[in-house]
Every structure is written in C-alpha cells, then in structure tokens.
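In this document, chain identifiers A, B, C, D, E and F correspond to the written order of the chains, with residue numbering beginning at 1 in each.
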Amino acid sequence: MATKKLAFVVRSLPYKTEASRLALTHAISSQTVEIYLNDGDLVEASVSYVSDGVFNILKNQQGGKHYGITTNEGHAKNTLLLDLKVLICKEDLDKFGLTGENLVMDADDLGGDMKANIVPYSEIQKEMETADHLLFC
Amino acid sequence: MATKKLAFVVRSLPYKTEASRLALTHAISSQTVEIYLNDGDLVEASVSYVSDGVFNILKNQQGGKHYGITTNEGHAKNTLLLDLKVLICKEDLDKFGLTGENLVMDADDLGGDMKANIVPYSEIQKEMETADHLLFC
Amino acid sequence: MGKLTIGTFSSLVGSLSLDFSVKLAEAAVKKGHKVDFWMSGNATMLAKKGQKAFKDYSYLSKTIQEMIATGNFNITACEACAEARGYHKEDCPDGFLRKSMDWYLASTFEADRVLHIGGD
Amino acid sequence: MGKLTIGTFSSLVGSLSLDFSVKLAEAAVKKGHKVDFWMSGNATMLAKKGQKAFKDYSYLSKTIQEMIATGNFNITACEACAEARGYHKEDCPDGFLRKSMDWYLASTFEADRVLHIGGD
Amino acid sequence: MKLAVLMSDYRTGADVLERLSAEKLGIILVGNGVYHATVKEGGKACPILDRKADFYALTEDFETRGFTAANLDSRVKAVNYGDVVDLIFNDYEKVIWL
Amino acid sequence: MKLAVLMSDYRTGADVLERLSAEKLGIILVGNGVYHATVKEGGKACPILDRKADFYALTEDFETRGFTAANLDSRVKAVNYGDVVDLIFNDYEKVIWL
C-alpha cells in the first residue's frame, strides 16, 4: 500500500503545441490508474501553473467555436472536478496583470468541490520537493 | 519566358525542428522545377542565413555518426554545388563570434564553383526586396 | 481573383499552425481565389486516411474535401516525407496528390502570394 | 538496476527530441535497467509500421526492435492519439502496445526515475 | 516593398521582426502571436507594438485563447480569416510567417 | 532535493530554470540546449552557466551541431548517453526536461 505523487508543472503556452493539453489529460488519467495497480496502491497527480503556463487557465476560451476542439479551460476544470490539487503561481499572475477573476478557479458549475489555489512560487517549489516525480511541459 | 525569384531566409536553429533542413531541401529542388514549367520559365532560389540560422552552416556536423542522418552542413554544401546564391549575415556572425573559417563557404571538394557570401544585413534586405516571394523558416 | 500557394511544414494535432493554414485556405477559396496547398515534413500527417474525429483534436478532413470539390484547391503531400512516416500510396486520402518537392517550387511560379509556414 | 519511465510527446522526424529519448532508453537498457517508453501526441508517429528509411531522416525501428528483444523494454502508444492520426491496430509495429493514458501513470508507480519530454 | 508579417509566436521571432524594413509593413498577430496584443508584462505593452506598422490580430485566435477584442492594445485591429486573405492580396505584395 | 535538468532548448526555458532550486542541481545540456555551452553572444558566456550547479553537455548532440569538446565553456563537462543514464540514476533523485 503506497501512494506515488506526481507533480505536473505546466509552463508552456496553450495551443501552439500539444504539451500543456496533454499534461492535463494525462494528469486526469491518474483517476483510473488503479486498474493497473495492486489494491491500495495509488498514483496522485497535482497540477501547477507557472510562467507562460498560467495562460492555459484563462476563462472563456473559444476553441470549440472557432476550431471545433475542446479547450484547455475545459481540461483545467476537469482537474478540479476530479479533485486534483491545483496550484497557480502568484508572482506570474502579477507579472501578467491577471487575477483569480480571469481564471478557472473551481468546477462549481459541474458540481465539483475542489478550488484552485493561487500561491507564491515557494509553495510550488515545496510541491515539487514532496513529489516523487516531476513532469514539466 | 520569365524567372520567379524565391528568397529562402533561414533563421531557426537546426535539428530541433525540421524547419531549416526542409528549407534547404526545397531550395535545392528548384533545380528540377522546369519539368512543371513552360520552356524558358524558371524558378530561382537564393538562401540567406540570419540570426540563429547561421548555426545551420557550421562545419563538422556529426549527425551521420551519432544519429544516422545527413547533416544540414551537407545540404548547405549542395546549395552551393547547385549554384544557388547564398548570403550569410555578417552582423550575426560577429554577434556569435563566428567567421567564414567556421562555416560551409564553398563546395570545392565536390567540384562546385559557387562561394557563399558574408554580407551586411542590408544586402539580405535587398535580396528580399528583389525576390518575388519570401520563404522564412 | 488570385492564386495563393501555402507551404506547411508543421504538425497536425495540437499545433494549431496547421489548422491556421487550412482555415486561411478555406477563406481564400470562399472568396474565389485558387489555392495550392503543399504539405511537407510533419504536415504530411494531414495526408493520412482514416483519421478518427475526437473532441480533443481538430479534424480537418471535412473542410479539405469541401475545398477540393470547388475545383480551386490543390492539395499535395511531399512523397518522401510521407513514405518516411510509413504513409504509402494507399494511405493517401481521396483527392490528395503526392509529389516531390519541386511541385511546391513550381506552384510558386504562378502564385500571386506564397505563404511558407516553416516551423512546427 | 532500476526502472526508467520515459514519456515522449514530440514528433518523429526532424525533431531530434524523439531520437534523444530512444537513444537514452537504449543506453539505459544496455546498462541493465528496465525502461517503459510511452508515446503520446505526435510521438505516436513512431508507432506506425512501414516507415521507409531515408538518409535525411532518422530511422529508429531497428534500435527499438533490438530493445524489445531484451525483454527489458516496453513501448506503448496512446491509443486515442494514434487513432486521431489514422493509425489503427494493424498499423502498430510488432511488439508495440496501444493503451489509454493511465498506462503511463501506472508505469510511473514503480519507476525509479521518470523523464517526461513534454513539448514538440 | 509592402510586407505582411504573420507573427505566430510569443517568445521567438522578435529579433527577426525587428530588423525587417518595408515601406509598408503590416504585422498580423496569429496563433500564439496574439499575446503580443493582449498581454502587458509588468504593466508594459509589448515593444513590438512600437514599430511603425499596421497591426492586426486574428479574432479566431485571440478568442480561442480566452481574450476578447476589448483586451487588444488600442493600436491593434481585430480581423477574421477573410480579412487576412484580403489584406494579403490587396494591401501587401509579400507575406511571411514568423 | 537532488534535481537533474535536461535543458533541450536555447531560446526558451531559461525563466523556468532560473527559479528552480535544489540542494544538488545538475544541468545537462542536450539537443539545442548545447548552444548554452558552446556559444558566446557578444563575447559573453550564457548567464545560465553562472548558476551554482554541475553542468554537463551531451557529446552526441554538440558534435551533431558542429562543435567539439574544445568549444565547451570550462564549467561544462562532456558526457555521453551512458553517462547521462548514470547521472540520472546515481547522482540525482528527480529529472525534468526543459
């Protein structure tokens, strides 16, 4: 019986490449990983947004309307709906003039309880230190 | 009877993406384009290296030894062997501390006559102005 | 009406650069222009039959087939780039051509505008 | 001896990032480590049969088959990513698996090291 | 020359753009290039916008990324794909992608 | 933590690297990351090399790009793929790719 902690750290802009989208979909897939593991064993994923990565969670992304694709906003909401721990770097928000108002901070409309946390970078550093593996993208 | 001038402008680093390699192979393919055109019509390609693009023409690239691939050095030599006009930005070489000694400047060993030209950026700007189409990569 | 040649070298899914090039071609064709569309490098991923539509991924086949039907849209993949990826003749979608790179250069001869989308 | 899980998301040809991941896996397997190799996104291009070897392009099939033969190397492609690209079950090279994304997460459970190569 | 630059990235290409000169220069922000028009880093607008040029941003692309026309720097005009086609054919002679 | 960073790019990622802290930090330059060790812009070595860290550059990758070990900054040690495997397993606990 053990839990392995994975820290996904999203640092790249959305859409130009697949990197950040796939980070989110892979983080979400931690919810079904038990089928491969022994009883009681777990893989737990957290998602942190740093640097340009914070643009992945802007509200009102219209990718469906213009390109027929699901948005990274939607994936970010799903991480909260599925109770993943989500950290957003405050210093980077300040740099870009963003606040929680601009961002996906909860999945209330889908019935989720988890909230995203705007934290100093030092908290994200701690998350990295306590994780077993780091997955940057 | 007309000639269309294409200016390929290589500005990206080699190997991480295909961009610069494909620019060179496409520029080279101008040599066989007549099969699609009327008699006397021509497409003439030049290749200019600016910014990080100058690293494509460093000598002694060992891509064959380590990765089993032809090198951008080899492609650059072929552009000279096939008598394409080649311009290299002097200001960028200066910035990176490079000189003609470090670079593919001719295809003498393959029997080519054409030499590459190290020129001020203003000459590359002129090349762009006289070209019919610009192909950056 | 003019002719636009678009050369694409970036990849299909995830990189919206390829979506951009297809949407731009569509807008040009709708305005009555002719468009030649060249795929080289990873952009040849567009030239593979049987792509399944997922919500997570853009799906460009329908738009392309509609453009082909207008008669003002040519779409051609670099043959060597396709073969290197394991895409053979039978993998090529209907209405697509496979040619060597000089096809692209030749297409620029009569083009009024050329847009070379170089990178991934 | 340890276990290394490598997740690759970049593309095959032209991007030497995928070559890097295969060469690193090879070096690890040669030293007696176990390697799980996950391909998602454009990296699934590696999971297509019938790739033709050109001098201009790196050709990774031989190295991979040699690693599979050691029994210490598992290579698995994201099934949805492959289908989105038109790669079906019959396109999958011998010895490769196709799974959903949770396979990768599960592989990290027993991994001593995880290298997630995120971008193109 | 009359040159239209399709600027598609946020973190690369500025060095190349900086040196390009043209009698008439149009900078069309597409893809991740739209961040040049919508983001102020440290409260400052992107220096690219100080160029003597006409600036456009593709509506489909800034909306996809969660922005609206109200977020655009005042020097930048919102356009759609059809407008880009017209710009390329009518207002400029050459077009490049950065 | 003991952290190995595989730095694979030349023009991006420095902002992320700058903030990472680790008791033991190894920066392994691979792919286009090797330019950090081989190129002096305007005569100056890359500021990344001023970090308190152990620096390595992958021989296969700098040679592919036309450099030799003689071109490496003196703070950077040449390694091969086998060495990278040993570094990852023996000297560090976690590894990331930038």
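Some points to look at:
The criterion applied here is as follows: a residue touches a chain if its C-beta (ideal position, glycine included) is under 8 Å from a C-beta of that chain, and two chains touch if they have at least 3 such contacts.
Here the structure is a predicted model, which means the values were calculated and not measured.
Least step count on the touch graph, chain B to chain C: 1.
Among the other chains, the CA centroid farthest from that of chain A is the one of B.
Chain centres here are means of the Cα atoms, and by that rule the chain farthest away from chain C is F. Taking each chain's centre as the mean of its C-alpha atoms, chain A lies 28 Å from chain F. Computed centre separation for the pair chain D/chain F is 24 angstrom, with centres defined by C-alpha atoms. Distance between chain E and chain F, defined via averaged C-alpha coordinates, is recorded as 34 Å.
Each of residues 13-17, 23, 41-42, 56-57, 113-114, 116, 118, 120 in chain C touches at least two other chains.
Looking at chain A, one finds that residues 15-18, 22, 25, 67, 132-136 touch two or more other chains. For chain F, residues that reach two or more other chains under the stated contact definition are 8, 11, 31, 60-61, 64, 94-97. Applying the touch definition to all chain combinations yields A-C, A-D, A-E, A-F, B-C, B-D, B-E, B-F, C-D, C-E, D-F, E-F.
Interface of chain C with chain B (complex): residues 7, 9, 40-42, 100-106, 108-109, 111, 113-114, 116, 118-120. Across the complex, chain E meets chain B through its residues 1, 3, 13, 15-16, 19-21, 94-98.
The touching residues of chain A, counted against chain C in their complex, run 15-18, 21-22, 25, 67-70. Chain contact summary for the complex, chain E toward chain A: residues 8-11, 31-32, 35, 39-43, 60-61, 63-68. Chain A contributes residues 4, 6, 12, 17-19, 22-23, 25-26, 29-33, 35-37, 41, 43, 45, 132-137 to its touches with chain D in the complex.
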